[in-house]
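Per-chain numbering from 1; labels A, B, C and D assigned in written order.
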Amino acid sequence: MSVADATGPLDAAWAVRWMRGTAQVVSENRALLIDLDRAIGDADHGENLDRGFGAVLLKLDGDAPETPAAVLKLVAMTLMSTVGGAAGPLYGTAFLRAATSLGDTGVVDPSGVAGMIAAARDGIVARGKAEVGDKTMVDAWTPASEAAETAAQAGATAPEVLAAAANAAHAGAVATEPLIARKGRASYLGERSAGHQDPGAVSTALILQAAAEAAGGEVA
Amino acid sequence: MSVADATGPLDAAWAVRWMRGTAQVVSENRALLIDLDRAIGDADHGENLDRGFGAVLLKLDGDAPETPAAVLKLVAMTLMSTVGGAAGPLYGTAFLRAATSLGDTGVVDPSGVAGMIAAARDGIVARGKAEVGDKTMVDAWTPASEAAETAAQAGATAPEVLAAAANAAHAGAVATEPLIARKGRASYLGERSAGHQDPGAVSTALILQAAAEAAGGEVA
Amino acid sequence: MSVGLVIVSHSRKIAEGVVELAAQMAPDVVLVAAGGADDGDGPSRIGTSFERVQAGIEQASDGDGVVILTDLGSAVMTAEMVLEFLEPEARDRVRLAEAALVEGAVAAAVQAQGGSSLDEVLRAAENAVVSI
Amino acid sequence: MSVGLVIVSHSRKIAEGVVELAAQMAPDVVLVAAGGADDGDGPSRIGTSFERVQAGIEQASDGDGVVILTDLGSAVMTAEMVLEFLEPEARDRVRLAEAALVEGAVAAAVQAQGGSSLDEVLRAAENAVVSI
C-alpha cells in the first residue's frame, strides 16, 4: 500500500476524501471481491459495494455535508438502500453508529477515531450477531478497533490511529483464510469455506486503508 | 337423488356411463364444491374436478377401452395430469388401484364392486396418510367401502352394492361438518375448519352416486 | 382489519409467488411482496431492498399489525434495519418471524384471515410444519 | 456430475425464483423449476403438475441423483405419485426432502455444488436452518 498525498485535520473534507478514496479502491478491487465471494458466497460482494460507493459519490457531488458525522450518515443511508446484500445493512449500521459516536464535532481527534471505529464494529456485531472467528467482517473490524484504541492511548496522532486500524484490519482479513464460516451465506459451505479469505473482511481492510490514506496516515 | 335410467351388467360401457355421469354431476356441482373449498381451503376443488372430468370426457370420446379396468386406468391417468390439486394424486391413485383390483374382468360382480371400492379407499389412505376423522375424503370412502362389503356379503346385486356405497359416502360427507381438519390445506385452519363439510368428501359422494346411477342402482 | 404480511425475499419472483399462493387461502389479508434488490427500472437484481421492505411495512400496516417473513440472513438484517427506523408506536405493531418463508407465510396468512391477533399470526408462521 | 434438484411449488414464480436464488451459490448444479399446474398455454395456474415434476426429475437425473423439494402437501402427493411411476433403478436415485422449500433448496444446492452425495444433499435440505 502507499502513502496518501492528502494530509490535514480529520474534518468533513477528510471524510469526503475518505469516501472518494473508498469508492476508488473498491472499484479497483471489484473483481477481487467478486472472486472471493464466488468461492464462498454468491459472487456479488464486489458488485454490491461498487454500486453502493458509486451511489455515495453521486450523493457527495450533490451535497456537501458540514461535519464528518454528516458525511458518514449520508454514506450509511446510501449504502443501506443501494447495496442489496448483507453488506448493505452491515456497513449501513457501521457508518450510522460511527456518525453517532462523532456527534457534531468538526474535527475528529485520536480518541474520537478509536471511538468511531469501536462504534462501527459494535454496530456490525449488533446487526449480524457474529463473533470473532466466525469468518466475517467482524474479524477485520475487531482487531482494527483494538489497534486504534491502543494507538490512541499511546498518544498516536489521528492519522496514525487510522493507519494502525487499517493495518490490523488487513492482518485480520488475511487471517480469516483458514477459518470455517459460522455466519452469513458462507456458513452454508461448512468446512468447505476454509481456504478462502472472507470478502467482507477484505473490503473492511480496503475501507479503513482509504480512511488512513485520506488522512495522510502511513499504511504498511 | 334419483333412480338412473340405465341398467345392465357392470361392464366397460357401465364404466364409461359412470364417468360421463360423474363429469355431469361434478359440472352441476362445480359452484358448490368451490364454495365448500373456499370456506376451508383455496376455493378450487370444483374447478379442479370439473377440469379433470372434462378432460376425461374428451379422452373417452377418442378412445373406447374394452374393460372396466381400462376405463378406470384412463380416468386415473387423466385426473393425475389435469386436476392440479390434492384431488389429482388422490383420485388418480384411487382409480388406479381400483383398476388394478378389477384385473381384466369384463363384468364386475358384487364382491368385485366391494373390492374395487376398498382398493380405491386404501389407495387414498396410502397417498394422503389421513385417518378416519381427519376431515378428508377418507371420511366418505371408508364408510362407503364398509357398506359395500356388508351389502356384497349379504347377497346384494352389484347395483345395490354401489347404491349402498353411495349412500354411506353421502352420510360420511355430511358427517365431516363438525370435524376439525387434521390433513390437507384445511388443517391450517385448526378449529376454524369445524362447521363446514369437506369438499373432497362431498365430491366422493357425487362420484359414487354416479357409479350407482350408471348401474341403475337406487340411490336414496 | 386483519394482520398484514410482508414477504421479504432475495428474489422478486419468490416474494410475488408467495403472495399469490397465500392469497388463495387468505383473500382478505393484505399481503405485500418485497422481493429483489431495488435498481430503479430493469429486471430486479437478486438481493433485498431497504426501500421495498419499508414501503411494504407501510402498506401492510393499516390492520392489526404486521408480520414480516424473510428468506436468508441478509433479508433478516435488512428487515431489522428497517425496523430501527420506525417510530416506537409503529415498531410495536411489527413482528419479524423466524419461520420457513413459503410454509410460514401460508400458515400465517390463513391465521390472519381468521382474524387472529398479531402474536397468534406470528406463532402460526413460526410453528408452520413443512410439507403439510 | 453433482446431485440435481427439482423444485416443486404450487406457484410457478416461486419455483423459478428458488432456482434463480439457489443458482447464485451453485452455478454448476442442475436446478429445475417444476412450478404451477400445467394448462397448456396461458399463464400457469396455481397447483402442481404431474408432467412438470416427471419432466423435472428426468432433466435433473444426469448426475449423482435427484433431490426433490416441495411446498405444500399436495405437492408432496404429486411428487410421490410421480415416483411410483419410475423404474426401480431410477427411483433409487431420487429422494423427496421433508424441508423448508426456499431455505432447504439453497442449503441443498450449496451442498450439491460441493460434490456431496445424494444423502448428504438430502440431509443439507432437511437440516437447513431458517433465516441463516
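Things to note:
Definition applied: a residue touches a chain if its C-beta (ideal position, glycine included) is under 8 Å from a C-beta of that chain, and two chains touch if they have at least 3 such contacts.
For reference, the UniProt names are A, B = Dihydroxyacetone kinase subunit L.
This is a predicted model, so every value here is computed, not measured.
Ranked by distance of CA centroids from subunit D, the top chain is A.
More contacting C-beta pairs link the chains of A-C than the other of the two pairs A-C and B-C. One finds 31 Å separating the Cα centroids of subunit B and subunit D. Between the Cα centres of subunit B and subunit C there is a gap of 39 Å. Subunit A and subunit B have Cα centroids lying 66 Å from one another.
Residues of subunit B found to touch two or more other chains are 42, 44, 184-185. Those residues of subunit C in touch with two or more other chains are numbered 24, 46, 72-73, 106, 132.
Chain pairs that touch one another are A-C, A-D, B-C, B-D, C-D.
Put simply, subunit D touches subunit C in their complex at residues 9-18, 20-21, 24, 35, 46, 70-73, 75-76, 98-104, 106, 130-132.
Residues 37-39, 45-51, 72-74, 77-78, 80-81 of subunit D are the ones touching subunit B in the complex. For subunit C in complex with subunit B, the touching residues are 24-25, 106-107, 110-111, 114, 132. Those residues of subunit B that touch subunit D in the complex are listed here as 42, 44, 48, 80-81, 83-86, 88-90, 92-93, 127-128, 183-185. Of all residues in subunit B, only 41-44, 184-185, 187-189, 192 touch subunit C in the complex they form.
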